[in-house]
Amino acid sequence: MSAIDLNADLGEGFGVWRLGDDDALLGVVTSANVACGFHAGDPSTMRRVCAGAVAAGVAIGAQVSYRDLAGFGRRAMDVPSAELAAEILYQLAALDGIARSCGGRVSYVKPHGALYNRIVADREQAAAVASAVAAYDRSLPILTLPGSALFDLPGTPGQNGLNIVAECYADRAYTPQGTLVPRSSPDAVVRDPAEVTARAVRMAMDHEVVTVDGSVVMVEARSICVHGDTPGAVDLARSVRAALTDAGVHLTPFA
Amino acid sequence: MSAIDLNADLGEGFGVWRLGDDDALLGVVTSANVACGFHAGDPSTMRRVCAGAVAAGVAIGAQVSYRDLAGFGRRAMDVPSAELAAEILYQLAALDGIARSCGGRVSYVKPHGALYNRIVADREQAAAVASAVAAYDRSLPILTLPGSALFDLPGTPGQNGLNIVAECYADRAYTPQGTLVPRSSPDAVVRDPAEVTARAVRMAMDHEVVTVDGSVVMVEARSICVHGDTPGAVDLARSVRAALTDAGVHLTPFA
Amino acid sequence: MSAIDLNADLGEGFGVWRLGDDDALLGVVTSANVACGFHAGDPSTMRRVCAGAVAAGVAIGAQVSYRDLAGFGRRAMDVPSAELAAEILYQLAALDGIARSCGGRVSYVKPHGALYNRIVADREQAAAVASAVAAYDRSLPILTLPGSALFDLPGTPGQNGLNIVAECYADRAYTPQGTLVPRSSPDAVVRDPAEVTARAVRMAMDHEVVTVDGSVVMVEARSICVHGDTPGAVDLARSVRAALTDAGVHLTPFA
Amino acid sequence: MSAIDLNADLGEGFGVWRLGDDDALLGVVTSANVACGFHAGDPSTMRRVCAGAVAAGVAIGAQVSYRDLAGFGRRAMDVPSAELAAEILYQLAALDGIARSCGGRVSYVKPHGALYNRIVADREQAAAVASAVAAYDRSLPILTLPGSALFDLPGTPGQNGLNIVAECYADRAYTPQGTLVPRSSPDAVVRDPAEVTARAVRMAMDHEVVTVDGSVVMVEARSICVHGDTPGAVDLARSVRAALTDAGVHLTPFA
């Protein structure tokens, strides 16, 4: 029987501001990437989302970011390694403490936004993120794209190294090389809901996806990322979950 | 044999800015109140100070604050209880995670600045701070002034309650009621180094202090707070430590 | 012929986050209180709202606040006068420069949130706000509640003093003393849309309002504050505008 | 008779933190690059430095930066053009308003830190900075390195374009191509005070400098940048000023 994880970004409001429907998503996903205060996520929001995740049986991940509230962590930054590692460690520890106060714990790490994209290729920043996770708890997996520099760091993914886990996107187009079509391309996003759900099922059951040229490539991923920052997105996420369940795929946290 | 703790604020720089001489203070105190990022203390500074404290055998305390970098946490704020509790929990958890990555841990909590002063009288904010500490680890003591509202909260300092610990100031004048002379008074601070050290010894050995009217009052305190934000302050702190040691007082963390 | 101003808070998003419907409100109000970055309002949002206000012929006011993004400026702060004055001056100047780059200018000041409420009674903070406005441009009026401490500051509202202007709320209940019923009271808000619009018309035409005990008091105000942070609020604001226009009231910026 | 400007960074403290000796530098420089709150410089500091500059007859420049207090603006950021332009405009306007409240005004712009370095080569960010200055006041010169992308933007430095002005560094080594030796090189900084002052005089009088290979290159600059963030730096800046004066060079603001 196939099994897969569904992850989404939660807790991305700040203070009076809301973004996305956290409550709805807690009924859809198996893993919640909870913002830790550097791109979004004030302490009250973090606490509320962690309590909700614990109640819903959803795994809590630390959605760590550059320190950039004004840019929502979407602006790549040249942060020196030691600074970046300390900033990641701070966020991870803060969320884990809050999660534990709610009866849960952080069980994985997913970098956010520009940091997520940057460490796919930037070995130095990838190593800084990995060192922070290792310093806190080396049993915590890090969620990233297939092919990320995180997979090539010394010590990963070997016996004593960190556990690096790949995820995929049912609503994103793939190149024949198995990478995401960049968002700057008009074809970057798959918009037909039926196609998105079908792709999710094929990803979960057959570990493959049809690329932009019609070829089929392998997608080795233990989690599918869904979105929830628009009403339509939540509905689509629900459809993906329903289609996976209907296909007999077991939905369960990857971590 | 008498024993006492010496505590001081450390890690109160932010980014490029420095405040006080952390390295010098680590050679003087037995407990370091480490800033947690809300009034001071970026993650890199927190990590460096925690590593230094672990190496020096100095206990690490979470110096939690209002969220106010621009005002250094010295501006009292009307923060709703649930928000305040979440903000304290966030800071405490962040520092504890960093301390643990350095081989140590947070062993007590000391509120900073305007929050420190406010919770002496404000039961609601005192309860919020206490609830955050209880939610994280109810074995952690909270350092405060004698007579603070923290002592009167339901559940403290009884068997299952929080451990509230009083501290005293060798360089501050006391009223006959045993409270600090307010800083707005010209007599608030004791400036003669010899007098300060003598007061520290008497506080540690006899648990008493001479007040502004010449009377003597009891000072029940398990820690003496010293300062380190000027070169003279560090020298004075060294003198206090030396005088205590010469008097046969055992210097050891209170927590 | 009667004339009145309608003001509302605009530009209260921050970065990726939105709050309220700025575009809709620009079609309703005659004066826009634009957030200046301290409780809300990043520079891009400020620029977009200023451009929209200039295009719509809406007056631009500086909605200055405590420095408190996390609390949306709703947490009262004990800010020393000189610091507060400098913070207000900074926000006012930043918004005015942005407004001028859009072909407009700031034509009044309206403090936000906890600062708005505090300076009604706190003479020291009221004086700090007034001094900042005077330092920047003493021709700029400040919008506040009737009876505010701003009216009693030395130099206001006399010949060389600042121009302090009162506003009223059509959707808030009034006491027989002419003050707002506190929000902590269940009767604080008038919820019936027809009643709100009728009160607005009476305020604009007759300068009076029916209080909670059925008595009628004078309301000397040159502007009515409306809200736009919910869809229903925008509809209500539109109804208020329509009712005023139908009654022959001329809608025009007060400043 | 030769004339030159001496500029330095001022007002780079934040809240309780200080950096450099603003008062000393106001007695040395003819132009003060005043931090505007995004990498350093709270409103109170800005106001105090502006008042001092006006009193000392020192020109005030807006030292604009990425929004990065934690990194002191030294971390390059991929900020979209419209966002960057709005952020620069905000800082420039805020400082100008404060300067005007002190009886002065901003008379030039000097980007700070990572932004300063980035726009030497990054045409998109250079254009964003230039557009912000043009939107505020196109008569304001921008201080940058010789060869900066700012010189090549459409419209500059022609008749209706912006006024881009080059500066040089007496304490930095130059390549035979007339560019600065990167800080990563061990030879980047000239440490001998006598050599620094001699270079400053030659730069001001003969518009040339001896490069690392002994050759001489032209340095077309209207300002020499000096530093003040250490006691030694202030002394060196004083020596540079004295040597220039002794050589008959007229010290005057470039703007």
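Note that the chains are named A, B, C and D in the order they appear, and that numbering of residues resets to 1 at the start of each chain.
By our rule, contacts are C-beta pairs under 8 Å (C-beta built on N, C-alpha and C of every residue); 3 or more make two chains touch, one makes a residue touch a chain.
As the structure is a prediction and not an experimental result, all values here were calculated from the model.
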Copies subunit A and subunit B - rotation angle from C-alpha fit, nearest 5 degrees: 180
Comparison of C-D and B-D (more C-beta pairs in contact): C-D
Distance from the mean Cα position of subunit D to that of subunit C, given in whole angstrom: 40
Inter-chain centre distance, subunit B versus subunit C - centres from mean C-alpha coordinates, in Å: 42
Shared interface positions of subunit D, touching two or more other chains: 42, 70-71, 83
Subunit D - residues contacting subunit A, complex: 67-68, 70-71, 75-80, 83, 114
Residue ranges of subunit B touching subunit D (in the complex, touch as defined): 13-19, 40, 42, 69-72, 74
Touch list for subunit D against partner subunit C, complex: 37, 42-44, 46-47, 82-83, 86-87, 89-98, 100-101, 135-136
